Amino acid sequence: MSAPAVARTLPSWARWVAPIGTGVIGLALWVLYVDVLQAAPLMLPSPIAIGEELVLRWDIIWEDMLITASNALIGLAAGSLIAVMFAAIAATFRPVDGMLAPIVAALAVIPIVAITPILNTMFGASSQFGRQAVAGLTAFIPVFVNVLRGLHQTTPVHRDLFRSIGATGEQTFRKLTFPTALPYLTTGLRIASSLAVISALVAEYCGGPADGIGTAIASYAKSGHAALAWAYVVGGILIGLAFFLVTAALEWWATRRAPA
Amino acid sequence: MTVTTPAVRADAVGKVFPTKTGEVTALTDVQLDVAPGEFVSLIGPSGCGKSTLLRLIADLDAPTSGTLEIFGKPAAKARHDQDYGIAFQQAGLLPWRTVGENIGLPLEIHGKDKRQRADRVAELAELVGLTDFVDSHPDQLSGGMQQRVAIARSLAEQPRLLLMDEPFGALDEMTREYLQSELTRIAAETHAAVVFVTHSIPEAVFLSDRVVVMSPRPGRITEIVDVGLPDERDEQLREAPEYYDGVTAVREALHGTTTARPNER
Amino acid sequence: SSSESEEEPTTSASGTTEDFEPLTSVSLQLQWLPQAQFAGYYVALDQGYFEEEGFTDVEIIPSGGDIVPQDALVAGDVDFAVAWVPKVLGTLEATGVELTDIAQVFHSSGTLQVAWADSGIESVADFEGKRIGSWGFGNEWEIFAAMAAEGLDSTTVEITTQDFSMNALLDGDVDAAQAMTYNEWAQVLEVVNPETGELYQPEDFTVISYEDTEGAMLQDAIWADTARLESDPAYADAAVRFLKAITKGWLYARDNPEDAAAIVYDYAVNAELAYPVGPTHQLWMMNETNKLIWTGDDFGVIDSAAWDKTVAGALSATNQDGLNLITTEPADSAYSNEYIEAALAALEEEGVDVSGDYTEIDVTLTEGGQ
Amino acid sequence: MRGAKGLGWGILGVLSLILLWEGYKLVGPAEGVVVGDDGSAGSGTILLPRTHERAMPHVWDMAARLFESTSGGDSPPLIVSVANAALLTLGIAALGLVIGVTVGMALGLVMQRWRLAEWGLLPWIIVSQTVPLIAFAPVINSIGNQIDRGGTPWPQWLSVAVIASYLAFFPVAVGALRGLESPDRIHLDLMKSYAAGYRTTLLKLRLPASVPHLLPALRLGAANAVLGVVVAEVSIGMRGGLGRMLIQLAGQASGDPAAPWGPIFGSVVLGLIAAGSIAVLGVGLKKYRRGEASA
Amino acid sequence: MTVTTPAVRADAVGKVFPTKTGEVTALTDVQLDVAPGEFVSLIGPSGCGKSTLLRLIADLDAPTSGTLEIFGKPAAKARHDQDYGIAFQQAGLLPWRTVGENIGLPLEIHGKDKRQRADRVAELAELVGLTDFVDSHPDQLSGGMQQRVAIARSLAEQPRLLLMDEPFGALDEMTREYLQSELTRIAAETHAAVVFVTHSIPEAVFLSDRVVVMSPRPGRITEIVDVGLPDERDEQLREAPEYYDGVTAVREALHGTTTARPNER
């Protein structure tokens, strides 16, 4: 029970120092495990070595980051757009909701490694399309689920109000239903953003043009360049974080005025 | 319009809700006329159909029997013509809109141009005493202020009929008394007829020309109390004997008809 | 052919008692899932050749997506590993570990680059500006080495990472796809040509074999831990016995390709719960694998010229990131014929005929390889 | 009644999807619809997918393929191999989920108890999910082998379960934190007024109140565990599971395009079973979800 | 304990909340004694610190100045000794527990054995008239019934002091009047002292021996009205002149001190 009481006495700088402290401790343990004890397998290099590679090879890592990030972004945008459309249809026509339910549930559990080759065959192995499609597909799920929920969140009093002032269906959607669903959309986007990056990256690993973070990670991990491979992993994390932070900011902006 | 056309005329109105466990008769045989400019309160225990009746008048639901006329027209037409304004227990403001934008919502929906809208919003904000807050968001307002925004919104189209479903139910007593005075002032200024749902006997008496007392199972009107207080309603009145008489009259009408067993309260 | 070496290895072959306890249990890491490419090892297991060499417990470990045989060997997860020479050279330089190629199973490269017959691609020189398929992960070095030998810039080709199927070629997503003679090439020929309703025929394609280019590199080899070979006589002894057993296995596979293919297939399906492409495909693979092994040289003996060619190719090749596979010559310890020669000598002593050639068989492919 | 109706619509949905697939296959061009193709390989953008057999096998071919032998010879029918592999994968996923839930709950409890822990850990927990599984699956496998060599038996499936738990723990940790913090102030005040300690408050209030948050988290965690096991199996090539079967059959996708769909269906069914089992758990915990309807 | 030890003694109690935007003085210099068995209401406009004072008494917060004694002990000790029972505006029932389990919660936490618990729960359910509902879940109950469960729960440990923060605030007026009568009966039966926060003047007058009138900015006691009604409080009383006098007295005390500007309501 003392938790909230303690929280109040914590200085505000602890907010920033705590995660940094955790990071420093984590890095120290890592260095201890790899460099001092030398107990780690070769595949797990020291963070120092990773940092060196990151600096040394930043230009090629950056190039691949751009490719993976753009694939993830295109997938995220397209997947979200389609998800919003489907959610709007499902919210309007109940049966469609029921019809989509099993398909969405199944999509949510399809392994990326399984569908990427199929998408590559369907859409061409030499285009980035397969990756974008995979990113889109993974982004679709959380956006669809959240927007659909959001579209059902209008309160009876608001619905009554719009009816009482004789608003048309289109006006009700634009001025009530959509703004109500907006915070849900941004929550969905936030969840989808990290997933899109991860899945674009994993898709690269399953074929397609020989570029992007995922391809590089696998290539270098398999040729003994563990530190370089992990430098690429850091690149992937940076993309994921960038996506997360942008969408989290968006979510914060949208939920600011949301009803409690 | 002739003076004799009532603002609301309910003739043998009934409402039955089909539910999973059978039919619920929410209202039977409701007979009620509200004159233009008249202030009528609906009072009665929970579930007696007050809200249902109000929603029928507002054409938010359709009656299953009987007829309803608003200024001589069918309820649906009255709704489309914006003959009434409505306010609910929850203020029901859109949180992403400012106070001004909330007040102006009906005008916006009906395509009033920006200039006209701004003028009217300023006027309404003034009326409810929120001029300084037009650019605030609802979450920055107290409950009483939010409810005043909702009332301003319901007045936006200058309706001749105001429908209010426990608009002060969620407020504390002191704010409530204050808003009651405001409402009588506004109703007088706008010459609108008001149908006002409440749980509070003092509130009903303080505000109304007539108090409609209802009883549940099935919901029906059991008595209509003519309050007979002067048109001017001020704070003095709350301590006046006529007022206490009105309260006693409504209490008795109500208790005579209250059949709810304690366990179901 | 016969053994040229007269020298006895420092540690003797099995049978003699030394000051160490002979290893009875060893493990071998493969570089992919069970299939006829690895027939010799499974045959040795099936025919009891390992037992004959004193091993009571031999484990053959298939690899999946990310398990790198040389890494498993370095980590100590296994005693021996099958891996391609250039990939191991890359790892050796990148990590500074030491491994030794103790037997070169494949004497020639089985890598092809397959293009449509009408594509105009006839040689590596035609790659420039084209989209070239490769599995990546170390399989691309022959392409880059061959291009480097032709004076071509590796950044002028666009590489598409192929997945496990050959659809990228069939759909025209790449101009030329990588294929192993023993596996993917057959996969292409197991597909029905929608125009004819029959299987695709070799004439439908142009095939560039890296064996014919300067990019050819040594492939399947048996690798052992260098330091352990030097310091642990039991391990060195086991290496020789192990090589004896697999030599016998591969000899069997050479002489009985049908049986050998069936043995691997059975083992894969029943013991490994792996589902390789069907029996006819395995027989094709057995046939092609035998061709790569039995080139007329002694089994497993590393040809220094081929080794040097591989090293030269590895030194010259740069990938699309502009990185080199290796920048310096590998250590002398990176290969040694000492063990395979001892094994062959011991086998001859025991009356096993290690000479002889492989007679190709005719394999008719079927749809889907079943 | 409503369940039956929902099922009906669901079946209709799946049927429509099949119809869409076959319908498009019927009318769509074999090479798809490509724009911006300059004649060279792999150029242009495909707007509509290819419809030929290798890209889009007939649904009935996929179904029929399930009953043919997995890889010719005397190998069992595909459906049997898939079922066997799915069982193994499911078992490992269950273990992965257990590990993930244990770790996730522990993190959730710690973060709820100490705000400083929440500040220190939560950002890293979020960052952890941006690290791709394929990057560290081999590391885990390798550490597992190291432990095994060190004398403590560490079978490969344990590594797979640990890798899967990495995906499973995340929603649980976040859901547990949110759930444990969900009780209203009024309830916390009430417990304080009873002079109830941390343990009592946890058992009587926080844990029961967290159920509505935990169930969706567990459902996500279960689905993630299955996905994680499949990826881990692919990555470290563990024998017997769906993951390796997926890559193995993908290897014959050119000549036998319907084959890879077997394990794909298998893993989808598995994911649904995993998520569905949480729904069953939810029924058992129904009384803790009474608040949900109003929310 | 001697008769002279007050149930609550607040001596120069003050409470300052540190907030992001500076300090908020919620209470200053509160001086209040509540005798055992006495019924005291706290009334005042929103934000005047009624809840804060109650929370200080309950040791849910600590005062920043002054001292608080409950039955002569520090508030924290009284809380640990379970000297008081508390009820809030929301019933605050645990939705996954049945009515009986909710009533028995404090007993369960304090390790009373099952048998004893069952007996006491039955007794309490009887007291609040919910015997038929012990096995129902809260969501199957009306708001008034839920609030009665909360009251039963606050009585579980037979406290000598009952703290109630607008327990009837969310109920409709008729249910509210009914529960007010119930509460006076229960308070009389259990001889507990009651500190009761409310917004409603009639409620305060009907229930209390003394009404403490508070005013905000900073929160302080401005007047204490001795109601002086008979101990027996029944429905008749609601129409009695003494009652109206009490209402008027409290209203005047309140309005004399209300400084809130309309805009902030």
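A few remarks follow.
Going by the order they are written in, the chains are A, B, C, D and E; count residues from 1 in each one.
The definition used in the following text is that a contact is a pair of C-beta atoms (placed from the backbone, for glycine too) under 8 Å apart; a residue touches a chain by one contact, two chains touch by 3 or more.
Not measured: the values here are computed from a predicted model.
Note on connectivity: the fewest chain-to-chain touch steps from chain C to chain E number 2. Looking at chain A and chain E, the chains that touch each of them are B, D. Chain pairs A-D and C-D differ in how many C-beta pairs they share in contact, with the greater number at A-D. Using CA-based centroids throughout, the chain positioned farthest away from chain E is C. On a Cα centroid basis, the chain most remote from chain B in this structure is C. Centroid to centroid, with C-alpha atoms defining each point, chain A and chain B lie 48 Å apart. Remark: chain D and chain E have CA centroids separated by 51 Å (rounded to whole angstrom).
Chain centres here are Cα averages; for chain A and chain C they lie 40 Å apart. In this assembly, the C-alpha centroid of chain B lies 87 Å from the C-alpha centroid of chain C. Shared contact sites, meaning residues of chain B that touch two or more other chains, are absent. For chain C, the set of residues touching two or more other chains reads 66, 68, 71, 75, 131, 158, 160, 163-165, 167, 171, 173-174. Counting partners per residue, chain A has 41-43, 117, 121, 124-127, 218, 221 as the residues that reach two or more other chains. Pairwise, the chains that touch each other are A-B, A-C, A-D, B-E, C-D, D-E. Looking at the complex, you find that chain A touches chain B at residues 155, 157-158, 160-167, 171, 175-176, 179, 182, 257-260. Within the complex formed with chain D, the residues of chain C that make contact are 33, 62-68, 71-72, 75-77, 130-131, 158, 160, 163-167, 170-175, 187-188, 190-191, 194, 265, 269, 272-280, 367-370. On chain D, the positions that touch chain A within their shared complex are 5-6, 8-14, 16-17, 32, 34, 41-46, 49-50, 54-56, 112-116, 119-124, 126-127, 129-135, 138-139, 142-143, 145-146, 188, 191-192, 196-198, 201, 223, 226-227, 230-231, 234, 243, 246-247, 250, 253, 260, 263-264, 267-268, 270-272, 274-275.
Taken in their complex, chain C has these residues touching chain A: 66, 68, 70-71, 74-75, 87, 90-95, 97, 131, 133-134, 136-138, 140, 158-165, 167-168, 171, 173-174, 320-322, 325.
If you check the complex, the residues on chain B that touch chain E are 45-46, 129-130, 132-133, 142, 144-145, 172-175, 178-179, 199-202, 235, 238-239, 244, 248, 251, 254-255, 258, 260, 262-265.
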